[in-house]
Amino acid sequence: MSDERTLDLLEAKIKELRELDKTDGINLSTEIARLEKKLEALREELYANLSDWERVKIARHPKRPYSLDYIREVFTDFYELHGDRLAGDDRALLVGLARLDDRPVVLLAQQKGRSTQENKERYFGMTRPQGYRKARRAMSLAERFSFPVISLIDTPGAYPGLESEELNIGGAIAENLLAMANLRVPTIAVVIGEGGSGGALAIGVADRVLMLENAIYSVISPEGAATILWKEKERMKEATAALKLTAPRLLDLKVVDEVIPEPLGGAHKDSHKTASSLKESLLRHLAEVSDIPLKKLLAARYQRYRSLGRYSTLNDQ
Amino acid sequence: MAIFKDRHYFRVNLEKKTDESLWMKCKSCGELVFKRRVRENNNICPHCGEYFFLTAQERIESLIDKGSFTDISKPIVASDPLLFQDTKPYPQRIEEAQEKTALASAIIIGSVTIVGIPVVMGVMDFRFIGGSMGAVMGEQICHGMEEAIRRRQPFILVSSSGGARIQEGLFSLLQMAKTAAVRGRLAEEHLPFISIMTYPTTGGVQASIASLGDIIIAEKGAMIGFAGRRVIQNTIAEELPSNYQTDAFALEHGFIDRVVNREDLREELGKVLGFFVEAQ
Amino acid sequence: MAIFKDRHYFRVNLEKKTDESLWMKCKSCGELVFKRRVRENNNICPHCGEYFFLTAQERIESLIDKGSFTDISKPIVASDPLLFQDTKPYPQRIEEAQEKTALASAIIIGSVTIVGIPVVMGVMDFRFIGGSMGAVMGEQICHGMEEAIRRRQPFILVSSSGGARIQEGLFSLLQMAKTAAVRGRLAEEHLPFISIMTYPTTGGVQASIASLGDIIIAEKGAMIGFAGRRVIQNTIAEELPSNYQTDAFALEHGFIDRVVNREDLREELGKVLGFFVEAQ
Amino acid sequence: MSDERTLDLLEAKIKELRELDKTDGINLSTEIARLEKKLEALREELYANLSDWERVKIARHPKRPYSLDYIREVFTDFYELHGDRLAGDDRALLVGLARLDDRPVVLLAQQKGRSTQENKERYFGMTRPQGYRKARRAMSLAERFSFPVISLIDTPGAYPGLESEELNIGGAIAENLLAMANLRVPTIAVVIGEGGSGGALAIGVADRVLMLENAIYSVISPEGAATILWKEKERMKEATAALKLTAPRLLDLKVVDEVIPEPLGGAHKDSHKTASSLKESLLRHLAEVSDIPLKKLLAARYQRYRSLGRYSTLNDQ
């Protein structure tokens, strides 16, 4: 099977032919059409049955749209709020007010960096305690003013490091879980890229949990699982398959509510189209949860989390 | 203990557990010590004071009023929702853990009294797949809190866990949210939750239910934190201080209320529970 | 401005304020600049961009929709409960401040619109005994919040204060508690409170009402903090970084939501208020 | 007028005479009785009309009982709780559960050190953000379990320093003021030594505010006021008089509810007696505020703070 790079090369060639077709008056349109058809077929063959590991690579693709890309396209008037009022301002988790169509919402959005410099500033998208506590402050604001809360999840995980531990990152995550379970406004979480363990869940407790088609969401990274379980980091593909961390598999397991389709090859192939699917889904779910009286909504959220997990009763065995 | 009555369910060979040797060598001081004396001494080396691991049953015995224990665990055991297999299939791992420990899962929920005060208590057992939290542990913790609410009693959780049960994938991660949600109910009902952190209380357990106690007590020698030394050194190659994730580190940085010697924990619990029981 | 109509109460000689010279020398760049141009430019040096102090009236004008201001301050002035005298008697200090500023106190409460949105706004004036918070300022802030509740409008406070009014002793300290208590009512009523910190927002004002905004915006160049450089150096002789208590320091350490240029503040307020007004 | 040291010397001499009287069979009882009478008269003369500055010296006396001394004598079963669950554990502000007679209460207690080592650990009694946030956590605990909150105030002020500023000490104080104004349990604050400005007020918003007779409570230290207003630190005596910071003066101004008497010469002359007066007062006030239905209590507290401060209306002038 051809790989992504070969197909990109072919696409570039077709583009060159099209230029030739234009400038020199030579008619290549039949040939070009044929090539394009071929390309599309190859692409479908490549992407239609992505392995779980291929999805992991797409989820982590350096060109994948990040939170700020969606914020620009899906929302309007993003007004970022800074700081946890306690110790700092984390740049790997942004919070702010924004409008979804005309409706004001509170956004919690994990953000990776593109450049080395940006990644340094954003700790490669790994959230620190200051970020979780900023998110918690934004939740309180949302509650006071009845703004729905929308989380965009995209992190390899909570930032592991001495400073994080000194600021009780475990406690910060725990407090967020508790707060979100009881938050008195509608909440929607979308995993847009990497949903890395507790670092993702800390803004991911919600009335609706959605995933982009090639996003992943896992209790541990494939590399971490391979290291711990197989004692070989290189067995991450096996670990990936075992963890069932892709959107379609998690939908099958009924732990996410919906998979939002991406263009063939991944969100980065057409970020506008992805953004528009995301927006459609957010609007639909927001309308749904907003229609439910708060008391019922909270009861349903509680029931959702209370009943999470599968086990056998002794009598079943 | 009710759920152990039909222990053939777990294919547990209790005879295996009978240990013929009377002596053990302390890994800390190297002395040969009488096993019975160690056991009677809360699994503390009578020679050098080193703490050894307590099984869940030993922990329960060391904390409660003699004979006051009733097992009220839900009769549930792990299923295998992901059909997970690493070096061995997950169900085999579970069975082996059950055989080794004579436990159904990594946690026991009990109804007990401590210095005369009735409480619901959950106690983890590190021997059972590192005390990891999967769906069963999550459900048992919630069940324990709900029992506490039903009985209007305090809830005590003794943690000993490396974190989430990887083999249950996202189901295990989500137990963090599940236990936090039910902990919210306990708070609404104004019932106290005392979290006891022992060696180790890390990862997903520290980052959820264990950190949500009204009072958090660490056993002396506990390891408390989110990311393990190895993870940090692999990820960011940072130098870590020697007291990293020790009880002293947690106390200094404000995560816990107190550090208490193992032999004093029972009395400590009696003291702190006294305040809340009077207040009811 | 209603309360200034009977300005003989304050023995304010407004004529004194008329300033005959057309030019001023910028203390930052040294250039001679047209006063009128400076004033029209939000008291920003048209040459180098340096911000000069704004009086409360100038601040109000720079933030609100032209002509939308109504003074709704309570008709109160400082009394002298301690019969305080340092190098001069407190009442004399008050009178001099009133004469200098043509203000009754260090704060004005107004009903205004900002980008069409009606709000209640409090604005401090640093010229008036360093914008210090005594009983009058405390009462005016509470009055402003109560008016906001009565009108179901947002409340905005523009701080410019070195802290508590020493001459009113404990009465001034307690204004911190008073304003915090009334701020609680605003929260219960789900009305937004936008706190704007300017140069300087320090001491008792920073340690109370100014830090309790739902949104906290610092004007670029603001000084924000609790204890002054001199206090720290006198008390513990600690080295302080050059960015100590700057807007950048406050942003980096998470105290404030945003830093905004003076010339953009009005638009910024319109933007942020928009979210809350829709949400009503 | 004789000073304190002279009287202490006289007292020592009397003690020596009494020993002599015992051991050698010489009867000195008449002389001793006369001397004791004289001593008492001198003492009353010295202490009866303490100047404000003398009270400041007593409030800061190195032998003055500190919070832990009262905790030992007034309360039972003190169970200290540590940590703000965010960043650290401040040793200058202790919190914990304790019993006042049989009733469980939450204690917030500022603590100075006696030795150099202890003062280093306790930052000379100056509270840091970690302390205020620990107190706030204890307030939440009190609220959840309906424990009354009792504050023992004794601090030169909040700790001024880079770390305090970095952890937003101003914000921490402000949040406490807000929390205490709305705390849904009875609250009593007692200034037992120094009530230093915002650093004291941050645990001092309460239904009852009491002061020990020689405690002080001020918006600024006398030295600070002298430096700012007179530009001469040495004029602190004048500043002291101007600030009206002693208990009797603040009672006159009606900003405190009660002055708890101390033994002649100050609390350190008889800490047991002082503790017993403190306990009597606490029990009485706690009984009173506990009798008031919560809604009424909160309304009264709100009214207390809402109406604080004196000013003239324009029409009065």
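Per-chain numbering from 1; labels A, B, C and D assigned in written order.
The definition used in the following text is that a contact is a pair of C-beta atoms (placed from the backbone, for glycine too) under 8 Å apart; a residue touches a chain by one contact, two chains touch by 3 or more.
Predicted, not measured: the structure shown is a model, and the values here were computed from it.
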Fewest touching-chain hops separating chain B from chain D: 1
Partner chains that chain C and chain D have in common: A
Higher-contact pair (C-beta pairs counted), A-C versus A-B: A-B
Farthest chain (mean CA position) relative to chain B: C
Where chain A and chain D are represented by their mean Cα positions, the distance between them in whole Å: 54
CA centroid of chain A to CA centroid of chain C, Å: 43
Separation of mean Cα positions, chain B and chain A [Å, integer]: 33
Contacts with two or more other chains, residues of chain A listed in rising order: 85-87, 166-168, 171, 175
Residue numbers of chain C (touch at least two other chains): 211, 253-255
Pairs of chains satisfying the touch condition: A-B, A-C, A-D, B-D, C-D
Interface residues, chain A side, partner chain D - complex: 85-87, 133, 166-168, 171, 175
List of chain C residues in touch with chain A within their complex: 187, 190, 192, 211, 214-215, 251-258, 271-272, 274-276, 278-279
Residues of chain A defined as touching chain C within the complex: 77, 79-89, 97, 99, 102, 104, 130, 134, 141, 144-147
Sites on chain A touched by chain B in the complex: 158, 160-162, 164-171, 173-175, 177-178, 180-182, 197-198, 201-202, 204-205, 217-220, 224-225, 228-230, 238-239, 242-245, 250, 253, 255, 301-302, 305-306, 308-315, 317
Parts of chain B lying in touch with chain A, wherever the complex brings them together: 3, 6, 9, 74-79, 81-82, 84-87, 104, 134-136, 138-139, 142, 164, 166, 168-178, 180-184, 202-204, 206-212, 225-227, 231-232, 235-236, 238-241, 244-245, 249, 253-255
